[in-house]
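The same subunit A turns up in both complexes below, where it pairs with subunit B and then with subunit C.
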Partner chain A sequence: MSPEDVSTAVSQISVRDVEITYPNGAVAVEDISLDVRHGEFLAILGPSGCGKSTLLQAVAGLLTPSRGEISIGGKPVTGAKNAHLPSIGYVFQEHRLLPWRTVEQNVELVLSAGGVPKAEWAERTTRYLSMLQIEHLRKRWPMQLSGGQRQRASISRALALEPSVVLMDEPFGTLDEVTARAMRSELLDVWQRTNRTFVFVTHSIREALFLADRVAVFTRGPARLIETIDIDLPRPRDYDSRELAALEGQVVARVLDVWGE
Partner chain B sequence: MSRDKAKRGVLSLLALLCVVVGWVYWSEKSGLLPSLGEVAAATPDFFSDPDVYAGVWATLHRVVISVLIALALGLLAAVLSKRGGLAGKVVDVYVSLAVAVPSTVAALIALFIFKRSEIGVYVVVTLVIWPFMVMTLRGGLQMMDRKLDDMASVYRMSRSRRLTRVVVPQIVPYLFAAARSENAHAWRVVVLAEVFAINSGMGAMFTRAYDRFLLEEVVLWIITFMVILLVIEYAILRPLEGYFMRWRFSDVP
Partner chain C sequence: MSSPAVADLAGPAIPPRTPAKFRAGLVPTVVALALIAVVWEAIARTSDGWVPGLAAIAESLVRILTTGSTYGDLVLTLRRLLIAFVAATVAGLAIGAMMGFSKSFEAFMRPLVVIGLAIPDPMYFILALLLLGTAEHVGMLALILAVIPFVVHGADTGVRNRDRGLDEMSRVYRLPRRTYWVDVLGRQIAPIAVASMRTSLAFSWKIVVLMEALTQPHGIGAQIYYAFRLLRPDDMIAYALIFVMIMKIIEVAVFAPLDRKTGDWSR
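For the complex of A and B:
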């Protein structure tokens, strides 16, 4: 999608003046407004523990903001009956598969809960497990898989629902660097093939710049939005390219004061 | 894995051998304990007597029902205890009290209260094993993974689906742990109650044999008791647990 298309496309996720407070009264997220366009890959970048994951949880409806509004595809994410809530794919930092169900059963459970007709389960499960290259592992228990394979299963589960948006909370944070690199490239491939809206939370500047169309940079907690950066690097991108390294240097220079101690 | 298994098998055989040697030695010396040969001679008669099976069945029946009642009440109490509040505190007090009651005393009290009724047995056994069930299951509830709740919320799982697919599978290992550890306990208490209070079952038949000084029969009852406990543990509970927990134990094929 070219930048012109993105700017004219409709907003898929809308975050308006959102403030989130923890149960202990501390403010996690302070007055954030953000729009994510349809089909866009947005990265949310911030230092560890800044509240960016908390915002993602609020977008998923897991937390209710103390102020402001969040909607997906025009539907508010909290307060409605299940059937009227937008469908969301969520990839957590840990896989959060049910260990007592096989890979296939984990995907099917989500399809079933999402009201997908049973006749479609087999085809969808096969399609997305194949896309993530773990179709041959569909009968395995999660505990029989490697860390990378589990995360592939978790991503397949999120995509199989064919949701309006896919939210990812540092999904490669626990993987080794080599596996993480392979997964990043594949994730971009999957994103382009599925044409869905992705929101990806990370504390890695290079990861954000490599993946995203746009990067929303947050402050240290309580999180506020510093700026959003359009990443104009052509795709496919090279993780080790000089352009990416240069861009990373610029972003580091810009956030150094705000993120530093 | 298989070497460990072989090692354990050899050790079990050695332990059994020690018991047999001790038995032979003691029966030679005392003249009171029947010898291996005497017991072997009495075995065919013992096991062709239909009353023996009726006794075993009566006891088994009592154990199974008592364990199921205690598991259900134990789960209920564990949930209340985990939730806290007044009900939880009351449960905690009762658990501490019940743990402190010796099985024999419980069996005698039930004899006074329920005379010779069947209900008395269930009450005693449940009272004795219930607190241990509560403690094990409460431990299981405390280990529940809250992160899976978030996953279930994000994917809009209904309450019933969460219960059957997310919550119950997390408690199953603890239900098995509770059933396995309290099964042996329940057998001992049921037999004790039968000795004191009831005219049927293994405990009653054991006492009858003892009173008539039929020592071969006494020994055979002890052996029967041990074999039943081992069969239930190794041929029923462990394989069942292995089946329900296969996701945890399977190696990569």
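For the complex of A and C:
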């Protein structure tokens, strides 16, 4: 942990009164304030198309809010020059690997851009590909991998940068359920081993409750924050446990009116 | 997921082009060519004498190939072709890429490209002849202008349809500008650029012969037109055959390896 991480240990990501409008003038995100603690696993839960991914893109600096402030590790993301931005790992819904680079080269490309010394590339790549159990596939082209393996590679790429925060935008949304289940358990394992701050966007209530320390529940678009729920279930959690199912039932009952047509 | 299949442990397996595959492609080609020859010969024999038979064409081919001045014409035409091809490819890719990135430039250029594509090719040369005279560079300019719209169209489509997801990925991970242009955008456009170059070459060669026939005293096109005026169809066909063979050699020697190089990751 670097000194600046310690000084902002309470709030790693801070979102203050943020409003985001699309280029066509429609409001995507309306007045959202949210704090993510250091080392926390926060899930952002909302119906499809509500603007939760848009907020995540703003946290990554991909788009600028029309109002409000976002900072990571105390450094403002909004309006900051590239060089001063904190490093971010991002896992997209699609793998977004370069198909003409091998898995290993895809990771190295990001390490190079992140200013990691070349001497460390091999060790970092090996460590994170092994953690995601795809070390043996490092010389493969992404097109030769299964959907799950590609997403493993994408997660390895995000972690290899050893960023202060890892943002995930429905990373298991396109995987089959069995693969997604295995990946969720492993993701929690990786999160605990790397001790990083994870923000995970999903529309699946059970997925959010299974993974997160806290769940921020959003309304239908334009997104507003309904509430944040602390998930006190002990870890490791069981995806099919009665406690999780009961909790899911409660959340469904609470969001039914807000999310419904 | 936790127990990868044995097949997963092997390295990347890119199947080489096997001799069997090569033969599989060769047989239909030979059959098709033989069929064309047979049908041609049949038409020649049943015609009133205006359609030259295979023997007459072969004889003409040998005579043209053993005439010294043929090679001068050939070099002249290939030089014109090369200049037009390179100029049209470079200008076309640049204009097309700019259109792909800028909506307003696209809106400005689109009508020009549509008109350029629709103008019949002889028009370029006849107009250039009338307006600017018979100098060689006038013909070359008209040739390049005739080919550019075809290249522009391909490059524009390629850049506009690029994967915007990879653009976002490049921004999140702050890939340097050079890496973005070469590794992200360049590799996406490479297959389209090669396809554009192919189109450019194919049109250049068809149009260079037309340009020579209409405006120039020397070159293969001029020779074909000369043979036409002498009522020598066997010579015309022989010249065309020589050019077709040269184009095929360029295809096999230049474009096939380029294709393999730009697309090896997708196999």
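Going forward, the second predicted complex is superposed on the first by the 251 of 261 C-alpha atoms of A that agree within 3 Å, B and C clash if a C-alpha of one lies under 4 Å from a C-alpha of the other, contacts with A are read in each partner's own complex, and residues count from 1 in each chain.
Assume contacts are C-beta pairs under 8 Å (C-beta built on N, C-alpha and C of every residue); 3 or more make two chains touch, one makes a residue touch a chain.
Remember, predicted model here, so these are calculated numbers, not experimental data.
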After the overlay on subunit A, what do you see for subunit B versus subunit C, clash or fit? clash
Please indicate which partner A:88 is in contact with in the superposed arrangement: first for subunit B, second for subunit C, both, or neither. both
For A:246, select first, second, both or neither according to whether it touches subunit B, subunit C, the two together, or no partner. neither
Just checking: does A:144 make contact with subunit B only, subunit C only, both, or neither of them? Give me first, second, both or neither. both
Classify the contacts of A:122 with the two partner chains as first (subunit B alone), second (subunit C alone), both, or neither. neither
Based on the superposed arrangement, let me know which partner A:110 touches: subunit B (first), subunit C (second), both, or neither? both
On subunit A, which partner's contacts cover more residues, subunit B's or subunit C's? C
For A:99, decide between first (touching subunit B), second (touching subunit C), both and neither. both
Enumerate the residues of subunit A that count as touching subunit B in its complex and touching subunit C in the other. 57, 60-62, 82, 85, 88, 90, 92, 94, 96, 98-101, 109-110, 112-114, 140-141, 143-144, 161
So, in the complex, the side of subunit A touching subunit B is made of residues 57, 60-62, 82, 85, 87-88, 90, 92, 94, 96, 98-101, 109-110, 112-114, 140-144, 161
Per the touch rule, the subunit C residues reaching subunit A in their complex are 1-2, 4, 8-9, 11-12, 165-166, 168-169, 171-176, 179, 183-184, 187, 265-266
Inside the complex, what are the residues of subunit A that reach subunit C? 57, 60-62, 82, 85, 88, 90, 92, 94, 96, 98-102, 109-110, 112-114, 133, 136-137, 139-141, 143-144, 148-149, 152, 157, 161, 179, 182-183, 186
So in the complex, which bits of subunit B are touching subunit A? 147-148, 150-151, 153-158, 161, 165-166, 169, 246-248, 250-253
